[in-house]
Structure formats: C-alpha cells, structure tokens
Amino acid sequence: MTTPDSAASILAARYQKIRAFSLELCSTLSAEDCGIQTMPDVSPARWHLAHTTWFFETFILAKRPGHKPFDANFTYLFNSYYNAVGDQYPRHQRGLLSRPNLAEVQEYRRYVDECMADVFASEEALADAAERIEVGLHHEQQHQELILTDIKHVLAHNPLFPVYREASFMKADPPAVDRWIQHAEGTYWIGASGDGFSFDNESPSHREFIDAFELNSDLVSCGDYIEFIEDGGYRRPELWLSLGWEDLREQRFGAPLYWRRVGNAYHHYTLAGELEVDPALPVCHVSYFEADAFARWSGARLPTEAEWEVASKSVAVDGNFVDSLLSAGRAVHPADSVAGDAPIRRMFGDVWEWTASPYTGYPGFSPPEGALGEYNGKFMCNQYVLRGGSCATSRDHIRHTYRNFFPPEARWQFSGIRLARGSAPKR
Amino acid sequence: MTTPDSAASILAARYQKIRAFSLELCSTLSAEDCGIQTMPDVSPARWHLAHTTWFFETFILAKRPGHKPFDANFTYLFNSYYNAVGDQYPRHQRGLLSRPNLAEVQEYRRYVDECMADVFASEEALADAAERIEVGLHHEQQHQELILTDIKHVLAHNPLFPVYREASFMKADPPAVDRWIQHAEGTYWIGASGDGFSFDNESPSHREFIDAFELNSDLVSCGDYIEFIEDGGYRRPELWLSLGWEDLREQRFGAPLYWRRVGNAYHHYTLAGELEVDPALPVCHVSYFEADAFARWSGARLPTEAEWEVASKSVAVDGNFVDSLLSAGRAVHPADSVAGDAPIRRMFGDVWEWTASPYTGYPGFSPPEGALGEYNGKFMCNQYVLRGGSCATSRDHIRHTYRNFFPPEARWQFSGIRLARGSAPKR
Amino acid sequence: MTTPDSAASILAARYQKIRAFSLELCSTLSAEDCGIQTMPDVSPARWHLAHTTWFFETFILAKRPGHKPFDANFTYLFNSYYNAVGDQYPRHQRGLLSRPNLAEVQEYRRYVDECMADVFASEEALADAAERIEVGLHHEQQHQELILTDIKHVLAHNPLFPVYREASFMKADPPAVDRWIQHAEGTYWIGASGDGFSFDNESPSHREFIDAFELNSDLVSCGDYIEFIEDGGYRRPELWLSLGWEDLREQRFGAPLYWRRVGNAYHHYTLAGELEVDPALPVCHVSYFEADAFARWSGARLPTEAEWEVASKSVAVDGNFVDSLLSAGRAVHPADSVAGDAPIRRMFGDVWEWTASPYTGYPGFSPPEGALGEYNGKFMCNQYVLRGGSCATSRDHIRHTYRNFFPPEARWQFSGIRLARGSAPKR
Amino acid sequence: MTTPDSAASILAARYQKIRAFSLELCSTLSAEDCGIQTMPDVSPARWHLAHTTWFFETFILAKRPGHKPFDANFTYLFNSYYNAVGDQYPRHQRGLLSRPNLAEVQEYRRYVDECMADVFASEEALADAAERIEVGLHHEQQHQELILTDIKHVLAHNPLFPVYREASFMKADPPAVDRWIQHAEGTYWIGASGDGFSFDNESPSHREFIDAFELNSDLVSCGDYIEFIEDGGYRRPELWLSLGWEDLREQRFGAPLYWRRVGNAYHHYTLAGELEVDPALPVCHVSYFEADAFARWSGARLPTEAEWEVASKSVAVDGNFVDSLLSAGRAVHPADSVAGDAPIRRMFGDVWEWTASPYTGYPGFSPPEGALGEYNGKFMCNQYVLRGGSCATSRDHIRHTYRNFFPPEARWQFSGIRLARGSAPKR
C-alpha cells in the first residue's frame, strides 16, 4: 500500500525525471539552435525551457509566502497566454529575444527546481500544490513534444538540413492486411471517468449516441499517400474542403510538410536527417485538410473522436513513444516496427490521428476558476481533435480520453491519418 | 387533389413570385448602389441578381439541347464557387466590374425567365428539371437575404448614412418574463425526415443523445446586451474565446456591428436609417464570439443545434419575416411586436440564433454528385450553425431542420442570441 | 488691347469650356462605369467630377460671404489630401461610395457652376479670385487626364474588355531615322520665368550646370521595346534597379501594362479596345523602372529634367493631345502620325517622358501659405519627374517647364521613354 | 620612401586590424545576441561576420586557382544581393538560421584569413587583388557600423534593455553659439578627384552650379528637438512630407527612435543602457522625414549634398568616431565633447547628416562591370544621401566626398540634422 510519504516521493521523482528530460531533449542543440522561431506557431527551445519553469514558479511558488522571484521580468516574458496572470510578451516575437540566454535559462531552471524541492519537503505545501504540480508536469510533457516539433521546423528551414540527433532507420515492416474493425451502434459513455489525471477538456464524462461504424486496423502509410498524390490528389478541388483548397493554392504545396520530390522519388526531412520516404511507414505531417481529402479520395472518412475513443478501449496504451525511441537510439519518427499483435495497430504513439470532430466542450463542460481555466477552454474554436499521441509524446502522458487539438491547416505536428467508414443511418 | 398540371403551375407561379421579389428588393436602389462591395463577404446587389440567374441558366437551361447562352462570358463572371462548372471571377473583386451594368443584368434576367417559361411549358422538361428548379428557388431566396444584409453593409459604410427604405418603427413590446423551458434527456432524431424540400446538409436524419437542458423563452434583448457592455463585457478577456479576443483587439469594437455611442445612448444604423437603440428589441449583428461571451457573462451558454431543433418542434414556423414586414411597410429589422402567445417566442424570424455547434456533416452525410454537391458540404469547416431564420428571410424558406452557417467572426448577418443551460451529466 | 472686361470674359469662357470637357470625357460611360476604383491610385470618374467641383467650392466659393454649401458633407467626402481644409474620406475607399450618385454629382456641378457665374459677374469678386480660378482650371485639366487613365485601368480590368470610345487606328508612320541631337555644356536657367501660368513647383527659375549631352530625336517605339523583351530584358537583373527588380518579381509582369502575349504577337488594351501592338507606335505604360532598364539595355540613359527642358526649348508646344485627338475622332493613344518636320519629334503630347530626376524642390522653392501650399510640395519624395504631356493631356495645359511626377513603379499613366547619352565629364 | 614591399605590409596590417576590429565589436555579445534579426533591415551580427568574410572569399580567393571553399553552401547563404554571383538566401530570414553557429563562423573567418595571408605573401597575387582587397576592407568597415546599429536595435527591442558595453557619459558641452556660415554662389567641382580610395558612387568628379547658401555651424541638439516636439511637431501635418506623415500615423511615434517619455523627461536607449536625454547632445535616430519636418518647423531646410561637400572642404576629417570612442572607454554615441575650435563643428563623426539630395548617379556615372558593379549603383532609387560619418564609423573610412544613403523612413542609423538656408535665386 502506498503511504502518503511514498506518494510524495513518487511525485518528486516524476518531477525530477520529467524536468531532466526537457534538458535531455536539448542536449544536442547549440545555444543558437535553441533561440530560433521560424513561424508564429513555433517557439524557440529556450523559450519552452523557460516557460515550463515559469509555470511552476507562477502557479506554485509565487503563491508561497516569501518566494523570491528569479527575475520579476519573467512574469511577463514567459507568460504564454494567461490573461489572468497579466500581459504577455508577443508570441510571434519569441525568437527576437537573446536575453535571458540559454545559460541563464538553465540557471532559472535550477533555481526553480531548488525552490520546488522545498515544496516536496513540506507535507503541507505538497498537499496544497500536488494537483497543480501534476498539471505542471503534464504541461511540461506537452512542451517536450513541442520542443521536438518546433526544432524540426527550425532545422528543416535551414538549407544545410542539419541533423537533430543521429539515429538509424530500419526498413519498415509491411503494413498489416487492410482490415476494417466493426463497431455496433449504441449510446456510449465518452470522456474521462475520474480515475487518474486528466485535463479539464476530457470531462464531463457523458453519453453520445453513435451509429454503427468501422475503423481501419492500421494508419495510412506513405505508400498509400503517394498513390493519392499521383492520382492528382492535390489538383482536384472536388476532394477538398473549400478552406483547404484555398490554403493549398496560397501555400503551393503538393505533398506532406518536409517532403520534396527528388527525381522519381520523395525525400523527407526527419529529425535524423533527410531520407528517401519509406512507403511502409505511416504518413505524417499532414493537415486536417490533407487527411480529409485523402479520406474522401479513398472512399472513406475520418473517424469522429467518439468513434475513436470507443474503438481504442479495446487496446492498451502501447506503441512507439519518444521515451522508448530515444532510449533505443531510434529516430523520433513514426517507427519502423510495431510491437504486439493487436487486431488494431498503432492506436497510440507514432502519429496523432486527425478526427472529424471540431474541438468543443463536452456537455456540461466548464473550465476551472482562475488562470488555469485558460488552459484549454478558450481554444475551443476552429480547431480539430487529434487522438492517440505520437512518436514525440511520452508514454505516460497519453490516455484513451486524451484530446489534442490543432487548427485544420497545421502540419508541423506528427499528425497522420486513420480511416473510418459507416453506412448512413435509417429511420 | 393536385394534378401534375397544377403542380407545374404552382411551381411556375412560385418561380415568378420569387424572381420578382429579387427585383422588388432592389427597387429603391440606384445603379450605383447595386454595384458596391464593401468587403470580400459582401457582394454587389447587381451580382446577386446576375448570379441567381446564372444558377438557372447553368443548372437547368445549359443542359437543354439548343440553349443559346445570353453571354458566354457569364459562365465565368457569375460562377460563385462551383469548381465543377469552371473557373470563377475572383470573389473579392466583384465590386470592380461595371459591365454588365444593371440594365444589362435585368435584360439577362428577362432572357433567362423567358427560356425558363419554355421549361415550364414542357411536361417532360419540367419533370427532368423540377428538383433543380426547387433548389434554384431556395438558392435565390438565400441571395435575397444576402441582398439585404449586403446593401445594409454598403449603405452603413457611407458617411451620409442613406436610408434603404423608409419605414416606421414602433416602440417594442416589453420582452416576456424571462423563462426557462425544460427538456428531458433522451435520444432524439435530428435532421430532415424527407417530407418536403430540404438542403443536403439537413440529412441524414439520425439519432443524437441529448442531456437534459433548458432553453430560454425569448431572445436576448438590446437592453440585456447593454448591461453586458456596461459591465465591461468587451474589456474582460476571461469572457471570450481566445480567437474572439484577438478579433476584438484587432478590429477594436465595443458593441454590435452598426452601433455607435452617442452621448449616453447607443444608436444603430438600420435599413430604415440611423436610430436610437430600443432596449426591448432583440439584439442582432453580433458574432459567434460576442454571443458566446454574452452567454458566459450571463452564466448560461448557447444551445447546441440539436437542442435548438428539439425545442423548436413545439412551435410552428411563424414570426417576423421579410415578406410580411415589407408588405406591412415595416422595417427589415427584428420587429417591435410578436404575434401569438407561444410559451417560447421568436424561434423563427427576427434573428438567426447562433448555436454552439460547429458546422459539420451529419453522420452518413455525403454530398450529391456533380457541381451541386459543392453547394454545402465543402464549407463544413470553421463555421458555426445558426437556426431559425431572420427578419430578412422569407417565411416559406425556413424549416425546423434548416441549418445556416457562418464563420464565428461574421457580424453582418441578422444574427442574435438565445440562451440555454443544463446541468452536467452524472455517471 | 485686352480690357479687364474681356480678360474676365476670356476666363469665364475658359471656365465653361474646361468644365464642359470633363463631362464630355464621361459621356460614353454608364453610372456604373463612373463608380469603380480598381486600385488605390485610381479614383472613380464620378469622384473626379465631384472633387474638381469641390475645389472651386472650397477655394473660391466658400470664402465668399453668404455662400450656401451644396452639401456640408462634401467638404469631407471630396477633399483629396488638403489637411488644412480638414479630414479626408479615405482615398483607397473612394470606390465604396454609391452616394452621391452620378446624377447628384452632376447636380452639384451645375450648382457650383451657377455660383461661379456670380463670381464672373462681379469685377471685385473676380479680381480676388482670378488666380485661384486659374489654378482650379489647371487642376481640373489634370483630373481630366486622370479620368482617362483611371477609366482605362477600370475597363481593362473587366474580362469583357469594354471599349471606352470607338475610334480607328491607322498604321503608324515609321519612326524617323534614329538621330542624336547634341547640346553643349553650360550653365542654364531652368524653371518658369513668370510669364503666364505655372505651378509653384516650376519655380524659382534658377541656374544649373549641365555637361554636354545628346538627346534622341524620337521616342522609343513598341518595336524597340519588343527587342528588349525578346533579348530577355525582364529576366536579367543586371539591367534593373534593385527596387525595380523586386517589383518585377512580386508583380510578375514581362511587358508594359495592358500588353499580353497572343501567340507570337503582343496585343494591348487601348481606350478603343484591344488591338495588336503596332511596332511603329511609341511604347507607353512603362514604369520608371522599365524605362531605366530599357535605357541601360540600349547603352544609353534617361535624360535629366534639366536636359529635357533645355532641349525642348528648340521646339514649340505641339503634338498629339487629347483635345485634338478627340475632335478628330482618333483614339486617346500615342498617335499614328506626327505633325511637322522638326528635327526632334514628339517632345510634347503622345507620352509623358520619364526623366532620371527625382522630384525635388528647385533651389529656393517654398510652397505658398495655406491649403494650396499642399498642392505640390509635400509630394517631393520618392517620385520621378516626367515631362512633355501625353495624348491624354490638353494642349493648353502643358508647358516647357511643366513638371509631372509619379512614383517609379507607376505604370497606368501614358508614360514612355526618350533616351539621352553623354560622355563623362573630365576635370 | 614607401617601397612596394612596405605597401604590401601596410595593406596586410590594415587587413589584420580591420578584421580584428569586427571581432572586437562582438566581444561583449553572447552567441544568442549574435543571431537575432529584429526587422528586415537588421542583420544578425553573426551574419555580418560571415558575410564580410564571404566577400573576401568570393571576390579574391574564389578567383585563385586551387582555392578550396570552406563550405560550398556559404556562396548562397552569405551572398547579400549580388545577382551576378548567384541566388541569395532571403534577407528578411537571416535571423532564422542557427547554423553555421558563432563558433563555426569564427572558424570560417580564421580559414579565410589564413588563405588571405597567402595572397599577401605573393607579390603577384597581391598586385592582382589589391584593389579588391581595399574594397573588401571598406566593405567590412561599413558592416562594422551595421553591427553596432543592428545590435542596438536588437537589444533595444528586449524589455530587459540590456547594455551592449558599459561606458560612462559626461555632461555634454553646451552647443556653440548658433552661427550661420556663408558660402558664395558659383560652379563647384563635386565628387572624388581620384586621390586615394573612393567608392564608385563618388565619381565622376563633375561641376554643379550652387546658389549662395548658409550652413549652420553645429548639429541640431536634443534640446532643440524637444522644443520641436513640444511645439506639436509630430501633430502638425503641414510640417511633413506626405509620405512622412503617413509613416508617422502608421507607426505611431512621437519622438526619435529609442526615445520614450518618462514623466516630464525623455529617456533614450543607448548602447550603454537607458539614460535621460541630455539636451546638449546632438539628436540622432531621426528619419529623413523627421529631419525635414524639423527643418521646416525651424524656418530652415536641409542642405543639398553638394552644399555640404563644398562647406566641408574647410575642415579636416576629425571628430568622434567609433575607434577613438571605444579606445577611450566612451559610449558609441554622439559625444559629449568636441575636439578643436573650428568655426563649423562636428562635420565628421557623431551623426550622419541627412541631406535634401535623393541618391542618384553623378553625371557620367556608370558602375564597374561584373558583380562589384552591384555594390552601389542599383540602389539609386528612393533613398537620400547622408554625409560625414557617425560615432559608429571608423575614422579612416570616411571622406569629404563619401556618400551614405538610406530610405527616408530609416531611423536605426546614427542619423541627425544640420540646417541650411539660402535666399531664392533671382533672374
């Protein structure tokens, strides 16, 4: 049985491990690498290191009497979007700051970690803060994923195509035989039931009626996607949502992000350098618009998030995640092999799966009071839900009910496609 | 009993009436008025007159052997967004064309009406075309509403504040006592059941599980809304969706569209000229962001479209519509009195009611083949559903299942607010 | 000998003639044509008709006791850029106004003309106002040229390519033998000497030292310019100013404005419709950047405005102007024949000639006090001087010392090229 | 007597000194500081260090047989604007590159310096390259000034207002009594006569006729400028060029760059940190528009560059320059004291002086063949000439005939104001 004491030490150990992992992710990067912002959605790695630290200082330490802030200016500089905390340094200009530099941010991290050690050492303080510490750790794990997707965008922009971290790719396993897993119509409970940590947007648990549907047993592969491209997928407006077609024509792309045509082949930039695309790997770095167009082209559709959640319940949270990939010396990329023999493959890890569901609050949803209420709720507009985590997600960060969300045009996340289909309901 | 003949003559009569109504809506406008486009979302009235005519020529006449087009260039000039028909003259530049001018467009309308008379005269031709004629008539009614909202935007931009049509306002009835109508949880059928005309996006009829909820018995009034403004509604980020707050700060507004502060009062531009705001009238020209912020401020929320549809079934399609308002010499504006004594007021007419539902396809939705498949489906992204019709809608155009949709920042439609609330579900 | 009375009646006659000519220029246009603004630099013809009238009302009538303004709102609506008069309706939105409409603007013109008749009838009033009337008439002539260049831009934008005014083109005379006219070095007086009307920017007369130079005897022809195009002129950055090369790459053009490639030939839109380019005609609708690149390609350069003025003194103000072209039923376009036998051809009329001279104040220049001081001086930045008038200029509007000016990227004026060359000075 | 050998060793010594000075200017900066680009006009310090090195490699080493490039990608990455050399990495994205990092760029500098040592060691190689080496050294000195102005912009953007280099300010000497130095009318030779190094844009030497004029004996001070501000200088459109007034209203500033109002005082950010403005110091960081408006307000005008050059001939090239300021431990800023007792003060050093002259080629100017011909000539459009060097210029870089040039809106250079006046010429 877990005593309160050991709960504290488990949390403290988790804190140390997660905080250290942020630094490990930056360990192959130079001070210069950590400062670049290639588009408004991308933040410099140094900013992520500082902001995640700011989170603990703001929501835990600053509420403790006598806490001396590391630098009072940081309240403003490293606030991302919490209006209740105060004004924010403009997001799209995060790459214009050279101070505090990387060494100073590391010093900031050490300072906050030391102050947090005092919290862990005090039973009372910890009791008060434990829930917010848990949020802070999940928050930092989210930014760890962003460190990876953002540095990928930064390095891919450089004509030298620098490697983030050397790693070898193996030839991928051939995809499993294409199978459709059937699910019966019914009223299902959706959302987090309250056991273990979950974000506010996963609640309340509620019922949804779902028509009978089928979900594909595997992700769409690069080979499948190349067929779509070569069948004129990017030139046929009838396959696209109107906004997606506009986006395509303005941005002038004809393949997933990071791909380029080299002779008769496609190459793509990965965190282990530029490589020829392996058709057996899951496709990733596609927008919702691309996922939706591909699905339409293939005569199927994207699943709703409720369908995805119902189907996912049959498998455990297992797959290719950042922690296992890194420790095995493998590239942070949808992986070349799949553990296990489940009838449905890769539901977790590898790539975030676009769903057809706009990101909204569940029935009865209401964000918590105060600044932390700004965490999720205010973004419930013009975004789509993605499910299942990716190769850049930590294994203990993801859940069956976890809801990620991005605007439909976003492509720089490890986002891929799983197909669904279902007959029209009858009355 | 209705013979086929009389069905034809009913349709022909409807055609004549609806086509004539488009011209009547422009009868107080000069040639210059009919040519202006004040923002990309607004089209010149002359363009609406031509495009609705193009619709009949393209989808009915052009398919008839021997049809001689009025002007071959019009295929391109007046195509709105049908990629399957061909390229389109750029939407945001519709105000840059002076030719064909108003007289020529009227000539074009007469020519197409004459050709259509031949269709009505041929039993066989009519049998083939009737369904598409019906779509064309509903399409023209949609553009009639846009003629009104667009000319309102055009005239309101002019510092002279010209009057579209003289009409008198009466002092409005006081709103009914604020009441909440309760609805029980359950699985409901939503969507068009197939009796009578409906658009493709209203189908398939399907089941949705809905938690118990309450819907307000009346629309939010201007007086309610002024309270929100005066309580700092436009200065408190915690009330707003993040995108809405950005929109607000960029556009710098602090009241519904067409309102301005004059001393201690609010005035608003209406199609009958600028007036002081009557607090008893329903508020309109608010965005989804404003509707959502108002709801949050008032401790309630917006209804989902399914909730709205379920609740609406208890009342008939009745209210203040453009045809009755015009024929009574009243302003095209949410009206100063309400017919009837229903427990729930103004569900139809007056203002479109923003729902909390992003615009998506119903389960099993698939658009028809061909160009008409582009009518609704491809716009199912980053828009919200509005229900119930407005003072600028024709009475016979609206239905319980009718789904209108606009992006969340849109304010130039007659869009207003009805509140809902409901307790969180329990497991 | 001219008595004061006859001076008055001459001025009154000129007033009537010039005012009538503005209306004549619009006589082939519909109300719709007169309302379009296709880019910020273009104003609707209706705006020109109103603004030129506003000029007389503001600078002459409004200063008379008892003058009743036609509409007090016009002070704001039709003020172009006179800060001393008050705020201005935004320039780039002139096409968004439908009121006052064309009939009302014509009414405004009649009203002001009637009020002006009272001024002409009063010896005292006229004495006070004559100088400003003269400015107003030259001002209106400038806007007459803009009516033509702006409606050309408007009609050329329309895919129907409507004709402004039917007119026949003849095959042009072959250009004269290419000759270089020599001019000796020396100190020359430049600028208006004070006889007759001139704008403030033509003064003070002052001395400039000019090195020996040669000026070409004729304008650059379309045939010459096609050689430049076909020699890769638009693809060779070494021929272009840096800003010009950027402009070219952003706007993506490869020929003068209104030209398009049709098979092996070039066609261009003219005010008499679209035609094949006649190689013998002077090239026009080129920017300063194009003129400069052409000159560099041909091993020559553009003349300075002082060189142009010195050289022009040898010829009279004669050539193809809008009044003679229109009354002869010829197109408003650089003309197919040249009167006279001067050694240097087309110095006046046909096309404005870009000079190498940035538009600056002459030594000792200082604008007059008051609003009219804003006429020219405040625009002396980032523009280049053009000389000689064009086919859209009235003959009695132009002078040897006349300085027109446009930004280097402007192409919608009738602007062309005359080459100069000169050996480097020796010390 | 100087032997050829000693000429070589003098040039080699100059090379070493100038190259070392670039590094010294960056010696107080972190790797992060050296990577930031706060606006398109600003380049990261690291880019300057690389580009100046690229210049020697491209124009000297690459022409030597057997030269092995340090990295073939640098040809593209560090080409600024030489189309004849090849394509260029986009200028406005220089801040988006993290590789090569600072250490690698320093390595690049060492490599090129070693290769250059071989050139200095070979009489023949040096004879061939000496002229281009001289250009390369002046080029590097220009970029040294930009390193300072750019890092000032970068650091001033940071809300922490970091100090570039600690330095003390003394209370400035009071300005000399305001005096006007008279110059007689006449024809003067302007431009470089060929003794010693000069850029192509300083030639040919040529004659200009200049009217009598007066030039002020000192620069405009901050105190003078504060009077202008407090007299409503930034709120009175009649003082401004039209483009300047637009710029002002869009950018919303009301004081020189880096100034801000603190209570009743003005503070400004300097390279030694933020300080209260000393009214006795010369004003700087003003645009041409501000300089011109100030001159108009004060009843004077800016001098032409010919006037400035004629007047400057009476004084030697002496003043506050970057090398003397740094070696004296003083701030890189217009200085608090002036050496000497000349009747006209601060003609050289302290601040670049805006002239009224648009930047054009002198009569007979023609740029050299090849890529180096792109150095100056292609920028002769929409820029104004500044004269005299600044506190960020090296003393041996400046000359009486030196022409600097910037667009009229540029404010981030050390640009200030000297007034002229002159009576209008008479004929």
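Letters A, B, C and D mark the chains in the order given here, with residues in each chain numbered from 1 onward.
We take it that a residue touches a chain if its C-beta (ideal position, glycine included) is under 8 Å from a C-beta of that chain, and two chains touch if they have at least 3 such contacts.
This one's a predicted model, so the numbers in the text were calculated from it and none came from an experiment.
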Please flag the chain sitting at the greatest distance from chain D, going by CA centroids.
B
Duplicate of the A-B contact set - from A-D, B-C or C-D, the pair where over half of the pairs recur:
C-D
Can you give the whole-Å distance between the Cα centres of chain B and chain D?
60
What is the distance in Å between the mean C-alpha positions of chain A and chain D?
48
Per the C-alpha means, the centres of chain C and chain D lie apart by a whole-Å value of 38
Where in chain D do residues touch two or more other chains at once?
none
Touching chain combinations (by label order):
A-B, A-D, B-C, C-D
Residues of chain B that touch chain A when the two form their complex
81, 83-84, 187, 189, 193, 204-209, 211, 237-238, 240-245, 289, 356-358, 360, 363-366, 373-374, 378-382, 408, 422-425, 427
Please name which positions on chain B make contact with chain C in the complex.
30-33, 35-38, 46, 73, 76-77, 89, 93, 95-102, 154-155, 157-160, 162
